[in-house]
Amino acid sequence: MTDAAASPGLRARLLIDCSDRPGIVAAVSGLLARHGGNIVESDQHSTGAADGHFFMRMVVDLDAGPTETPEAAAERLRASFAVEVAGRFGMRWRLTLVQNRPRIAVLASREPHALMEMLWRWQRDELGGADIAFVVSNHPDHRGVVERFGLNYHHVPATRANREEAEDAILALLDGACDVVVLARYMQILTGGFLGRVGLPVINIHHSFLPAFAGAEPYRRASDRGVKIVGATAHYVTEELDAGPIIEQDVVRVDHRSSVPDMVRLGADVERMVLGRAVRWHAEDKVIEHGGKTVVF
Amino acid sequence: MTDAAASPGLRARLLIDCSDRPGIVAAVSGLLARHGGNIVESDQHSTGAADGHFFMRMVVDLDAGPTETPEAAAERLRASFAVEVAGRFGMRWRLTLVQNRPRIAVLASREPHALMEMLWRWQRDELGGADIAFVVSNHPDHRGVVERFGLNYHHVPATRANREEAEDAILALLDGACDVVVLARYMQILTGGFLGRVGLPVINIHHSFLPAFAGAEPYRRASDRGVKIVGATAHYVTEELDAGPIIEQDVVRVDHRSSVPDMVRLGADVERMVLGRAVRWHAEDKVIEHGGKTVVF
Amino acid sequence: MTDAAASPGLRARLLIDCSDRPGIVAAVSGLLARHGGNIVESDQHSTGAADGHFFMRMVVDLDAGPTETPEAAAERLRASFAVEVAGRFGMRWRLTLVQNRPRIAVLASREPHALMEMLWRWQRDELGGADIAFVVSNHPDHRGVVERFGLNYHHVPATRANREEAEDAILALLDGACDVVVLARYMQILTGGFLGRVGLPVINIHHSFLPAFAGAEPYRRASDRGVKIVGATAHYVTEELDAGPIIEQDVVRVDHRSSVPDMVRLGADVERMVLGRAVRWHAEDKVIEHGGKTVVF
Amino acid sequence: MTDAAASPGLRARLLIDCSDRPGIVAAVSGLLARHGGNIVESDQHSTGAADGHFFMRMVVDLDAGPTETPEAAAERLRASFAVEVAGRFGMRWRLTLVQNRPRIAVLASREPHALMEMLWRWQRDELGGADIAFVVSNHPDHRGVVERFGLNYHHVPATRANREEAEDAILALLDGACDVVVLARYMQILTGGFLGRVGLPVINIHHSFLPAFAGAEPYRRASDRGVKIVGATAHYVTEELDAGPIIEQDVVRVDHRSSVPDMVRLGADVERMVLGRAVRWHAEDKVIEHGGKTVVF
């Protein structure tokens, strides 16, 4: 059953990864059953039975006591899980309540299409249950449109000269206020210092089909190379530029009649769709990073 | 881990469906753990936590005793499963050993492309571990090419007049020799009587994007209608023509320059790919029929 | 060369269709050459050299006299063309100046996604050089957002009871003010009377992959049928519901996990893209209707 | 009208490219009209009205005199064209008769899928009217299957040590016997010397979506990078490895469950389709190389 169609009640998502070995599913599902949990979705993946890495996502309907708050019920389950299962298998894991909506900070520059798509999808509640906390931009241009959506807009000018100062200002805004950062065609390079301190996943939409045409001006270079297909890539940001784990990619056909501006326009449509999917999947706890790649359930 | 990359050993696939209720996963994984099984793949789906239907596929590495044959180990597990789990939840289920290669009967008429694709994928072992047992055709045309693949070819002439007789002949060939029937552009209609008696799943490739253009001459009708995309559909055959559960579909763009012969040619490529995927997934026990639809894990 | 990249100057588009016979291209290109025109794009199509129908689109840079207005130069060319070429070959034709931006009337109901896409693409000038003249809706909901784009919003309530009256009101708004009507998920059926009187092409976005699931609730019916792909169709509206000439279609994969609301959401993205392309191509004079189908150059 | 549907008669294809300037279409179509030619297909493209490059492809039904051979009629037209049109505009051009079927030399190594696809499509006459002249391989493996298609098989062992000798042997086979060379997963690098002397276009299918993963082992590298889409590229071979003009590309989705062997298998299907289309288009004179890129009409 999809989350969207779920009956109300107390629903949680459990994300796990660890070295693969026998008994993981039985241990997890046994513990959930003892807590009265009903597994409504479950996906797992292993990179190999021997020496493999194991990944699992479960959506579970929980049974809260009559006087128990949802958070208390989740906390009770987390405590049991940590002691009885996670430690034993050396798991990385998290358990989130579906009712706790993730908060997104959107960073944008002049190009509006990715920002607009985020605003729109948020208005239609198509971001996997996430909300946009605020928008930050190094340009003042989008204040009007963002504020008309009822959202806060922070103009943080950023240049090479004041990069550190600008990043400090953004970190101050993010602090405790967000769960994920989305770069909606934010054209400033984030420093390793920023990424080290932000403590949140950062999702970027890159306007090429990585690893082809990493770096600047991908459409011009794609046109020069005479490719017949261009694309876009949503990925987690790491210190190495355009090399972080890929969440989603998609493509569109071009041909000899496509000028660079045509490719930019066609590519913008792909960027919007790819970023929308990636953010939705992240917010639904469907993505696990491991070894520079992602598992997307 | 994919089956292809599996270490040798005793590997089984378990397919389950039943009314959804709490505790199914825990019961199944608990029983497997008690038998020393290690779950290497697991997919599940529920149409809804309340009043929903539950589907699950697991790939499990089994632990056979030192003197136990693989079949004996599987039989031991089947017996436990029937008593301890399946009955309790009212499950439809089957457990198959990956080493037991399913046997396909391919039925074809004059058009060679779907037949050739089946032969070729079999030769490359791309049919999900299935083998082609033999080919039946209402035409003698393909005997040479089929026999050069080292396969038996049975020419069973079929007309409206001798339909019953022809179907009897085919049923006699299939009896005990096959696990699935693949209609690789077999242009004779199979009667309800045949389908009632065959006792095997029958997969057809239909040369249109069902339900658009069900019935005869889909490409001509697609051309008349001026569609911009045509496609193909692989489905299980039921008595109602072209209405059985869909396993896979795919499409290809056409335009005003595409003549009907062009569409036939472009469509043939889609038919080959779609049929190849559907047969592969069926052979890998990835498809569950329910309520006129399929779950494809 | 694409229009977007064109140098300024006097550029026209010529659309032609007629019975095919030798000499058409030579006659057209000869006349254009004598008028100092330079053909910068040319596409043609014939349904068959014998008894076929011929279609052509040309983009031409014209040579206006030093004191001649663009319209006068176009008029001079139209007059020659009518006398020397069009009459001789029995052509349907039109010659439009690229600088004359087509005016679109957008009709919408409650669902906002197709309307928003139109507004947004207009703001980015991605509608092939067309402008939105105004928006008409049978609901008051979208007034705020439309007016913030600087566009007029006309609320024309429409029910079965007042259909004729409502259509009269819409016709009065359209009269002389628009060149094309776009139904951006306008959920009222337009009568044959309206279509007969409107005298403009009407483009609709249908939320299914026609001819599959014509009529109401296509996503629910697609889900019931268990299809693996859903799509959307942009077409010219004719009196027969959902049967007009198809301009563009596209699709998206769904699977057993896709609920009807999921399909609605995924389908909405396809509808937006398909409608955007269809309106753009229409505005660029790339679409010719003939025999219930379209040629899209 | 597509070639396939053409009435018999004398049909030619004219490919042109030159610097763009006014009057080209009028000059070409005027000359064809004077020779009694009827243009049944025409495509053109210009990279820009000013300083642009112009490309055109026409399919023309010619009028041969009652006692004139097709070749004589074509020769007469070629002579006029050279004098009256081509010289004046500085054109690169060729005029071919559709009845003259291009001859393909297929070079293959161990991997059979691209070779088999070529054989099959030839048998079904799906190579745009081209015939396979013979197959050359550096392995003896495919002799049986090739000869059963009634085609000659030349085993030319090739190693680093004897590369020059092997290339000489292949050149001797090609000499005067072929019009195009198709590398159907031929895993030997062709030297600049070979390419300089062969005097024929050479089409390669590369098993990655160029420019991503140029070079060896693209699927392993794609898997390591965690891409969500892999593809294949058909291109003309130039001295710089994997950098020649791209004719066609296509892609297929992969995910975290796709092992490298899965990608190889999925990719092989894309390679077959992409190579089939590229060879077909080349044989139909639809491809013009210019500036390291292609125009594909």
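Chains: A, B, C and D, in written order; residue numbering restarts at 1 for each.
The rule is short, and it goes like this: a contact is a pair of C-beta atoms (placed from the backbone, for glycine too) under 8 Å apart; a residue touches a chain by one contact, two chains touch by 3 or more.
All values derive from a computational prediction rather than experimental measurement.
Most remote from chain B, judged by the distance between CA-atom centroids, is C. More C-beta pairs touch across one of B-D and B-C than the other; that pair is B-C.
With each centre defined as the average position of its C-alpha atoms, the distance from chain B to chain D rounds to 37 Å.
Remark: chain B and chain C have CA centroids separated by 43 Å (rounded to whole angstrom).
The residues of chain D that reach two or more other chains are 1, 5, 45, 257, listed in rising order. Those residues of chain D lying in contact with chain A across their complex are 45, 55, 209-213, 225-229, 231, 245-251, 255-257, 292-296.
Against chain A, the residues of chain B that register as touching in their complex are 1, 5-7, 21-26, 29-30, 32-33, 36-50, 52, 61.
Residue ranges of chain D in contact with chain B, taken from their complex: 1-2, 4-5, 112-113, 116, 120, 124, 126, 148, 257-259, 261-262, 265, 269, 273, 276.
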